[in-house]
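Quick heads-up: structures coming right below.
Each of the two complexes below includes subunit A, the first together with subunit B, the second together with subunit C.
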Partner chain A sequence: MLKILIPTLFLLPTTWLTSSKWLWPTALTQSMLIALGSITWLNNTTDTGWTALNSYIGTDPLSTPLLVLSCWLLPLMLLASQNHLSSEPINRQRMYITLLATLQLFLILAFGATEMIMFYVMFEATLIPTLLVITRWGNQTERLNAGTYFLFYTLAGSLPLLVALLMLQNNTGTLSLLIIPYAKPLLLMPFGSKIWWAACMIAFLVKMPLYGMHLWLPKAHVEAPVAGSMVLAAVLLKLGGYGMMRLMIVLDPLSKEMVYPFIVLALWGVIMTGSICLRQTDLKSLIAYSSVSHMGLVAGGILIQTPWGFTGALILMIAHGLASSALFCLANTNYERTHSRTMLLARGLQIALPLMTTWWFIASLANLALPPLPNLMGELMILTSLFNWSAWTLILTGIGTLITAAYSLYMFLMSQRGPLPQHMLALPPSYTREHLLMALHLIPLLLIILKPALLWGWFAC
Partner chain B sequence: MHPTTLMYTSSLLLMFAVLLYPLLVTFTSLPLNNDWASSHAKTAVKSAFLISLAPLSLFLSTGMEAVTSSWTWMVTTTLDITLSFKFDHYSIIFIPIALYVTWSILEFATWYMHSDPLMNRFFKYLLTFLVAMLILVSANNLFQLFIGWEGVGIMSFLLIGWWHGRADANTAALQAVLYNRVGDIGLILGMAWLATNVNSWDIQQMFILSKNLDMTLPLLGLILAATGKSAQFGLHPWLPAAMEGPTPVSALLHSSTMVVAGIFLLIRMSPLMENNQTALTLCLCLGALTTMFTATCALTQNDIKKIVAFSTSSQLGLMMVTIGLNQPQLAFLHICTHAFFKAMLFLCSGSVIHSLNDEQDIRKMGGLHHLAPFTSSCLTVGSLALTGTPFLAGFFSKDAIIEALNTSHVNAWALTLTLIATSFTAIYSLRVIFFVTMGTPRFLPLSPINENNPAVINPLKRLAWGSIFGGLLVMLNINLFKTPVLTMPAELKLAALAVSILGLLTALELATLTSKQFKVTPLRTPHHFSTSLGFVPAIIHRQIPQLSLLLGQKIASQMVDQTWLEKTGPKAIANATTPLASATSNMQQGLIKTYLTLFLMTLVLVTLISTT
Partner chain C sequence: MNPFILSILLLSLGLGTTLTFASSHWLLAWMGLEISTLAIIPLMSQHHHPRAVEATTKYFITQAAAAALILFASTTNAWITGQWDINFDLHFFPASMLTMALALKMGLAPVHFWLPEVLQGLDLTTGLILSTWQKLAPFILMCQIMPVNSSLITFLGVTSTLVGGWGGLNQTQLRKILAYSSIAHLGWMILVMQFNQQLALLALIIYIPMTFSTFMIFKTNSSTTVNTLAASWAKTPALTAITPMILLSLGGLPPLSGFMPKWMILQELTKQDIPLTASIAALSALLSLYFYLRVSYAMTLTISPNNLNATTPWRLQTTASTLPLAISATISAMLLPLAPATLALLSL
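After this line comes the complex of A and B, so read on.
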């Protein structure tokens, strides 16, 4: 754990001490080395599953994939931001890298925390760099509004969690993730326990986001610069899913009846946000809404609490993290060329940027869950476990997959196929940097096909 | 391992390797040769065909079947997925046929697409399409089958949308994927049910474990899947629309890949289905309806590719009827024979279209049997085989199916529909022959008619041999598990032929009516019904997208997201707190009286509260 944490911490001196010429290559190399180092976590050999640094930080099969994903994303964010920051003064560039590195530090500590309060603190701490990335580095004035939405939705959702955790600490005497599954369940008055259950869950459901509490997400995604969108889609949303999986164990007897409204909302959200995607004109907003729709499935999978549900949710979280981050990068390549997010203005790009079309195609296929991509494995597992819970859910999830296919391919057709419009005849070509960026997103996704068991959390055999 | 087993499985896996090799070559950074298409892709398919003959002959001589499991891919808590291939009598007979047909189609495509700058990419797609189909056919578990299933779906998206500058091609491609996706819901339903109740996706295990279960729900799912993939009634409009793709794509799509995948799935799953009357009846009625409806649509089409497309749809309906009769082997037989003549019909129409300078309307053809004799003869042979003319390929399967239908105890409605559809087959096949090859030319005088190219002649020749002898060969070598009823009244025995001839005669009579000007215009209403495809696209393609897009815009986006959720959430809090904040701040304007009054009031309040 330290061999990742310390280099991450040392990203800050690296950023400020290297000469301006070597700033980006050095930061990129160091973060890439960290990411490669973090892969060794996947080799989990202990019996309990926990590999602990001390009693506060450790990894287990559930957190490892998410940790690796958050380490993997930093070099990609740096690659993606390089172009749009090149016109900024050098110290602002350094500041930006510092922000991203701090975010990674908080994320590692959040996913690595074995103490719930520490998880909570880090969960909140990630808000700060993200807020700065959105409100300082966004492009339009609406970014301020988006920042407010982002901050207040998350804060308002997560403050009850603090109270709930303190109550739990008072009653059971521990908040350690290693011990708490064995502690005796918290017994409260019937009504009080329901409120407590909700307090524990709402924070994460807002973060996921569950349909109905998702307004901050499209706004934040649309206004954030590319690195912000990437990390939001790929990792920050997954904090919600991760937290839910962790807390679900504690909430056990209550969850059985409490989850109904949330599952209904999640599955209904899959359809509603999917159909919003069908009418989107704004590329980034489309990808953001598609995230809401996929995270609805994840929420459903977690809430029914079966092994398949958890496993599927974890796989889908990782796979969706890579796929949607890839889509945001692709949207950014369009944005850097046309300076507009409007889909109507960037069409027929296959003729201008043929290799980009390949990336678009693979990323769209990943988004619509083509077998044997891990996205499909995750969706299939969640669908199966939901079907097992109630056969009727298949109507909602089935329509959901249909709509997902429709808007993913609509996005692909709109942006890549057809004749090239007149105003786009003088596009800069695609850079190797962009291809590398896409390859680093999609190759891990393809490699996971060969060994999906890495992402199976507790239930890997 | 026994040497014959070793040879059997290793040659089949070698066949996959040979097919994958040209695809892997394209990953090198060197630019591809211009003749990669013919030197690598076509050769690979050809050699794969030759390789696949070895296990076929082993199967024919010893009746050997095999399952190869190589690699445990995933182990979840309860369910294992291995990478395993099933080489049973279905896949071992189907694979050589698919490769033979594809080989011809690829060779034809080297001629048809020769002016396309991206021909190599086109061949790469075709090859991937074929590999996906072979994965589907030889898969031993549902997950692997699903890979092939979606693989053919997504490759068809690319291939149908090949000329993506045209909006129609893009729409058709999207249509194909969406209709298939509806079917996928069914397949996912089946898989979810089986994973929950049978706890296995492995084909043999499923058969054994599901003996005592009520399989209606998963079977309905599988039938829905087949309906989508095989374009049965309700989910059929994508198939004629798929004609937007290049002709070799249509040939491949319609003969041995993609559309037969749905039927193949049901054939594979037939042991689950044989005792479930609900599922069987549903298949029977669905198939009968499809075959009748699409045959009706084929009657009045003028686009040569559309007619052939609808005839495919109609034949798929017939296969579905056969599944409904609980005769999966006959359905399989029909898939095999159908592959030959359907591929040939498409290649012939491709050749004709190319010769007449991209003219697809059969009214503007005619007299081609003088100008392109070989293509015309092949077109005729193919149409005759499709009609079920005795001793051509179609006869062996079609006649067997209709005999089985006639001698079974199924409902007469399905039987009648199928018989009418059979006679319609004769009508539209005759119509194609009549308009394209017979009579006088009706096209522009300077058409580049030339069929003297080995890349045209050879594929057609090979497929013509297949259409003539393929049925006989397959019929001689397949062992039917169910003994067919062999004794029946002469009327029933001759029913298939009789209705075909009757259809032919009626068509000729009707043709004379118009050509002799006894009756110049057709009856309007049935004609409109047939030309506008039963009004199905007009209704479905407008209503459903409109409704769902309206839902997306008006309800999901504008009403819920932008109004209710905003107004009751963040905006409500802002609206509630702003007046409070402004009231407090407005009070503080430096007036000492206000401050003193407030101080006094607070003091009084505190005293009151503290005393009580």
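After this line comes the complex of A and C, so read on.
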């Protein structure tokens, strides 16, 4: 773990000590080498389940895909931000890279933490760099409101989580994930335990987000600059899913009754947010609501607590992370050329930028869960496990899948097909950097088709 | 001010607090409190500005009333129990009176009303002394009389955190914001004081560098309102980058130091089986966080190339040393990894 943590930590001196000519190439190379090094974590061969274990940090089949995703995303974020930051003073650019690198550090520590308080501290710590990226480098006045919503929704959920974790520590004597599965059963009170369950889960449900508590997400995703949107969509939402999966082991007998309203909200959210996507005029807002929709399915898969549900949730988290981040990068290529997110203004781009259309096509297909992409594998597994629990969920998830296909196709057709508007003059052609960025998003997604067992988590047999 | 007079006043201030620290007799403790009150009065009114004189008067009256109440309570306790020693438990009636008197001295809700107005009338340096040094003596006395009427202490604590949060929401004057911040933090300290005095001391020890840093930052920028902070990026760009960290640390966000006392206090409250109080206190911290966030928005997160909120002033080199601010800023932002060492130093 230190082989990855120390180079990530030393990205900070790197950004401040390299000359301005070499800043971006150096940061990019270092983060890429870290990402390649992190892929070695996927090799989980120990019998106990925990690899790279020491007193504080360890990895297991659940956290390694998410760790590799976060490490992979940092060079991609740097690639994506290079253009819009080039006009800023050099120290501001260094500050931006510093924020992204500290965010990376906190994410690695969060996913690698074996003790729940460490996870909690790192979970909260990721808020600060993200808040600073959104509110300082976002482009519209709404970014301040977005930052406030982001911070307060997450904190209002996670402060009760802190109290709940401390109560758990009081009860079992430890908060280490290594010990808790073997600890004595919880002393449960009739009503208080239900509140305690809710306090444990609400933080992660707000982060995922669950449909009723999702208002922060469209604001934050839309107002953030591209690197902020990428990391929010790809990794920070998954922190919620990961936390839920870790805590589910502890909450076991309570969850049987408590999950009902949340599964209902999750599935209803899939349909509602999908429908809103069909009416969006803002491209980034569409992708943001699509994220809520997919994460609603993930939430359903986790809350159902079956092996297929958990596996489907993990696969969908990774696949959605790559696909959603790719879509945000594509939306950013539009934004950098037209300085507008309105879909009506940037349409028919296949005529102007045909090579980018390939990436739009693949990313849209990934979003609508086309076989054989892992998005479909995740969705199908969750669908099946929900169907096994109750046949009626098939109506909701089926309609959800249809609506997802509809808005993904709508997004693709709106932005790429049709006549090019008269006002689109002098669009710079696609940069190699943008093609590289999209390739680095989508090629891993395609490669996962060949070995999805890497992402199956605990149940890869 | 004449340096000799200034040194006499500051040394008397130190004497008063030290006397209270060192005393085991209630009369001596009361004397220490009175000395420190009297010593700070000339410091407060040194500029002879009507607003400063008003603040001084308000401070004097409230502190004198509180001290008289302390005298009365300790005398009553001596009458009932027959001894003046601070270390012996108090009879419940003078104990409650003493608690309210010390709450008035420190500025806990619901007897906090003097603090924002007094702090607003002072210049930033004297305000700093009021917010940090003057809290030490009543705090120590409060620690020593524990455990006392539990519901009163919990009431004082929860009300203070809530009042500190809600009261600061509508403020644009920085000194009033810091006053409400002080009320909220004292609320947290009081909540845990009945169970574990060392944790209350930890909260105070973390709070003092954070408040010191904030006052020093405002002094460096010579700004007393939120709007004037918007020009700080031109005066002190490095400080502009660091201030959000200090403010968010005051708000109690991990991984900054301000999280440490909150975490430890919530842990203690949970161990003592009052998780509901813990949750209420935790959520009230969100109220305070809102106005800290607003200050950091105005100062750092809306700087150029976004719209300028204030005219850019001349960037003059400061002659004052920035070393104290550097040290306290580092402590207020980066002490959380050293939490085990800090707790061990407090013999927990």
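The rule is simple: the second predicted complex is superposed on the first by the 459 of 461 C-alpha atoms of A that agree within 3 Å, B and C clash if a C-alpha of one lies under 4 Å from a C-alpha of the other, contacts with A are read in each partner's own complex, and residues count from 1 in each chain.
Assume a contact is a pair of C-beta atoms (placed from the backbone, for glycine too) under 8 Å apart; a residue touches a chain by one contact, two chains touch by 3 or more.
Worth saying up front: this structure is predicted, and the values here are computed from it rather than measured.
*Asks:* Mind checking subunit B and subunit C on superposed subunit A, clash or fit?
*Replies:* fit
*Asks:* Between subunit B and subunit C, whom does A:Leu144 touch in the aligned arrangement: first, second, both, or neither?
*Replies:* Only subunit C; A:Leu144 stays clear of subunit B.
*Asks:* Of the partners subunit B and subunit C, which touch A:Ile448 in the superposed model: first, second, both, neither?
*Replies:* A:Ile448 sits against neither subunit B nor subunit C.
*Asks:* Kindly classify A:Pro419 by the partners it touches after superposition: subunit B alone (first), subunit C alone (second), both, or neither?
*Replies:* Only subunit B is touched by A:Pro419; subunit C is not.
*Asks:* Would you check which partner chain A:Asn170 touches, where first means subunit B only, second means subunit C only, and both and neither mean what they say?
*Replies:* The second partner, subunit C, only.
*Asks:* Figure out whether A:Leu11 sits in contact with subunit B (first) or subunit C (second), or with both, or with neither.
*Replies:* After superposition on chain A, A:Leu11 lies in contact with neither partner.
*Asks:* Considering only touches as defined above, state whether A:Leu409 meets subunit B (first), subunit C (second), both or neither.
*Replies:* After superposition on chain A, A:Leu409 lies in contact with subunit B alone.
*Asks:* Would you check which partner chain A:Phe152 touches, where first means subunit B only, second means subunit C only, and both and neither mean what they say?
*Replies:* After superposing on A, A:Phe152 lies in contact with both subunit B and subunit C.
*Asks:* Count the residues of subunit A touched by subunit B and by subunit C, then name the partner with the higher count.
*Replies:* B
*Asks:* Name the contact category of A:Ile276: first (subunit B only), second (subunit C only), both, or neither.
*Replies:* The answer is first: A:Ile276 touches subunit B but not subunit C.
*Asks:* Which holds for A:Leu254: it touches subunit B only (first), subunit C only (second), both, or neither?
*Replies:* neither
*Asks:* Please give the nearest C-alpha separation between subunit B and subunit C in the three-chain superposition, to the whole Å.
*Replies:* Subunit B and subunit C, overlaid via chain A, are at closest 5 Å apart by C-alpha.
*Asks:* Can you pull the subunit A residues that subunit B and subunit C both touch?
*Replies:* Of subunit A, residues 152 contact subunit B in one complex and subunit C in the other.
*Asks:* Where on subunit A is subunit C touching in the complex?
*Replies:* The contact residues of subunit A facing subunit C are 88, 95, 106, 117, 120-122, 124-125, 127-128, 132, 135-136, 144, 147-148, 151-152, 155-156, 159-160, 162-163, 166-167, 169-170, 199.
*Asks:* Across the complex, what residues on subunit A touch subunit B?
*Replies:* Residues in contact with subunit B: 149, 152-153, 212, 215, 272-273, 275-279, 307-308, 311, 348, 350, 365, 370-372, 376-377, 380-381, 383-384, 387-388, 391, 394, 398-399, 401-403, 405-406, 409-410, 413, 416-419, 452-453, 456, 459, 461.
*Asks:* For subunit B, which residues are in contact with subunit A within the complex?
*Replies:* 73-77, 143, 146-147, 149-151, 154, 157, 161, 164-165, 167, 170, 173-174, 177-178, 181-182, 184-185, 188-189, 191-193, 195-196, 217, 548-549, 551-553, 555-557, 560-561, 565-566, 569-570
*Asks:* Any idea which subunit C residues touch subunit A in the complex?
*Replies:* Residues 241, 244-245, 248, 253-256, 259, 263, 266-267, 270-271, 275, 278-279, 282-283, 285-286, 289-290, 293, 297, 300-303, 305, 336.
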